[in-house]
């Protein structure tokens, strides 16, 4: 049953590899947003350290949001979405494959550059590690929930703006636990509670969101 | 099919006149309960020895917050009905309730700010309840924007229903996370409703106001759903006949 | 056997057709025709399950397709307006990807043979981006004949094909029907499919066979 998930992941990774520029653009967006903040609030290390969990996490949210409209749009345009939907497989699993591929392409790179950006904000070593871990743990939930919005706004005019309107409120818990984990490390409280809640969100997101997104896709292509 | 009777009133053509007949009743009830609630709240309830007269805004604020949550759940219920039974009317009901729900969420935020200024000396505090209410308001706006941007009404109903169900599952998670966030960040020593110290008259006042808001919601939802029915069924014979009569 | 009863479809608040019914047995071809906007594409999309009908029922081998779900989807091949191929991939990769998603074993030999049959053997390793419209259509057709599904639902399959390819495809459809397959198709071109029992469905004011 999970061969189809793997098949879709491989398909989307191959496509992303042929269009590397897209991956780089969203990643650089994250880097630029994070670098603009010190220019806006001043270079004071204490202030930056205090702001960094929120700033970096909001940056990660927005960067994920940038790549979401294309999650289904390209396949929709050339008719391959129809073919995917007609595959003799549960559509939820096909969507799960697309969500995992989206995370590997758009979420994981954010986690990998986050420690470098954390250095700009004068984060200590343990906070850098927690930042990386929290973004790696939380972004699958962002991809999963985002897939619902991408499916519902598929083919609509102004779909990208609408997508952020629908999805950002639903990202609130991920933001709170993600940024909270880093914050708790900085204040010495320990990030375990935040990280486990974040992991719970991701598990729940990956279990349920693809099926809601599949329902959204069926409505969108109707 | 034995349950066909249940769906009899779910046909827009039968519901349209029914909603029209019932609407004045709900308007009257809304005015009645509202007058009683305001009388209790503004004249009978004692002046709070700490907060003075300003606290009386809770007779609008608290019921408005309740309503904003109830209405979202009601919309999610109609959305689920629309997806499961494919009844057209339930999709229209969800859409008809949305502006009222958003209105109450906004009213709750607005009265919260008005209350906050004399109480805490600031228009806005990042209190857990206020923050959740703000997110709820965003959810309403998102739903209305999605439904408005889809031309095909059947697709709009269904897409909106999926969003509502996703939202209703998320609301407890959002509420819990915001609660968690605000306890960690201190400043949450302020709680907006102190239930134990609430006098009986205050509780009754709020309940009456909530009832009044319910009746108002039903009345405006009926009015709105009638407009939606007319718009969507404009090609049908019964609407044409109705227009010719008028 | 494909059986459709009392089918009604709408786009937005406009009813396209109602009361459409037909029965298609193995070895038969149904040619759907009608004016522009009569709902030919919608009918085909409804048959494969991409669009939900307002009313009516579609049965495959006696069971409603809504219940069959994946089992029905495994029996049909659909060719829509879009080719459903990725421009970034080569024809061979496209076939491999679609095979894997459909749960077929990877078999480059089989895929290459299908490409050979549509006359793309020499283009098998070029990205589809550089192919012409007609050649892209042929990649989609290669997938169709590779999958060997019993029910073919083809929406304007001859579009963008040259004369030689049109007659090849007509022959291929005829062979599929002769071999016990079922075909539902629309076309604007006057194409005769050799050796097939052709039934006509006209979508007009009221659809009937």
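Each chain gets a letter, A, B and C, in the order it is written, and its residues are counted from 1.
Here is the rule we go by: contacts are C-beta pairs under 8 Å (C-beta built on N, C-alpha and C of every residue); 3 or more make two chains touch, one makes a residue touch a chain.
The model shown is predicted, which means the values in this text are computed figures rather than measured ones.
J.: Shared touching chains for chain A and chain B?
T.: C
J.: Taking the mean of all protein CA atoms as the centre, name the chain whose own CA mean is closest to it.
T.: Answer by centroid distance: A.
J.: Consider the two chain pairs A-C and B-C; indicate the one with the greater count of contacting C-beta pairs.
T.: Counting C-beta pairs in contact, A-C comes out ahead.
J.: Using C-alpha centres only, name the chain that sits farthest from chain A.
T.: C
J.: Hey, how far is the Cα centre of chain A from the one of chain B, in Å?
T.: 32
J.: With centres defined as the mean C-alpha position, give me the chain B-chain C separation in Å.
T.: 48
J.: Calculate how many whole Å lie between the centre of chain A and the centre of chain C, each centre taken as the average of the chain's C-alpha atoms.
T.: 37
J.: Chain C: which residues touch two or more other chains?
T.: Counting only residues that touch two or more other chains, chain C contributes none.
J.: Quick check: what residues of chain B touch more than one other chain, meaning two or more?
T.: Expected reply: 154.
J.: Any chance you could list the residues of chain A touching two or more other chains?
T.: Those would be 222.
J.: Considering only the defined contacts, which chain A positions touch chain B in the complex?
T.: 145, 148, 152-153, 156-158, 162, 165-166, 168-170, 172-173, 176-177, 180, 183-184, 197, 201, 208, 212, 215-216, 219-220, 222
J.: What residues on chain B touch chain A, complex-wise?
T.: Where chain B meets chain A, its residues are 83, 135, 138-139, 141-142, 145-146, 149-150, 154-155, 158-159, 162-163, 165-167, 169-170, 173-174, 176-178, 180-181, 184.
J.: Please give the residue numbers of chain A that touch chain C in the complex, ascending.
T.: 3-4, 7-8, 10-11, 14-15, 18-19, 77-80, 82-90, 94, 221-222
J.: Of all residues in chain B, which touch chain C in the complex?
T.: By the definition above, chain B touches chain C via 151-154, 232, 234-235.
J.: What residues of chain C sit close enough to touch chain B in their complex?
T.: Against chain B, chain C makes touches at 10-14.
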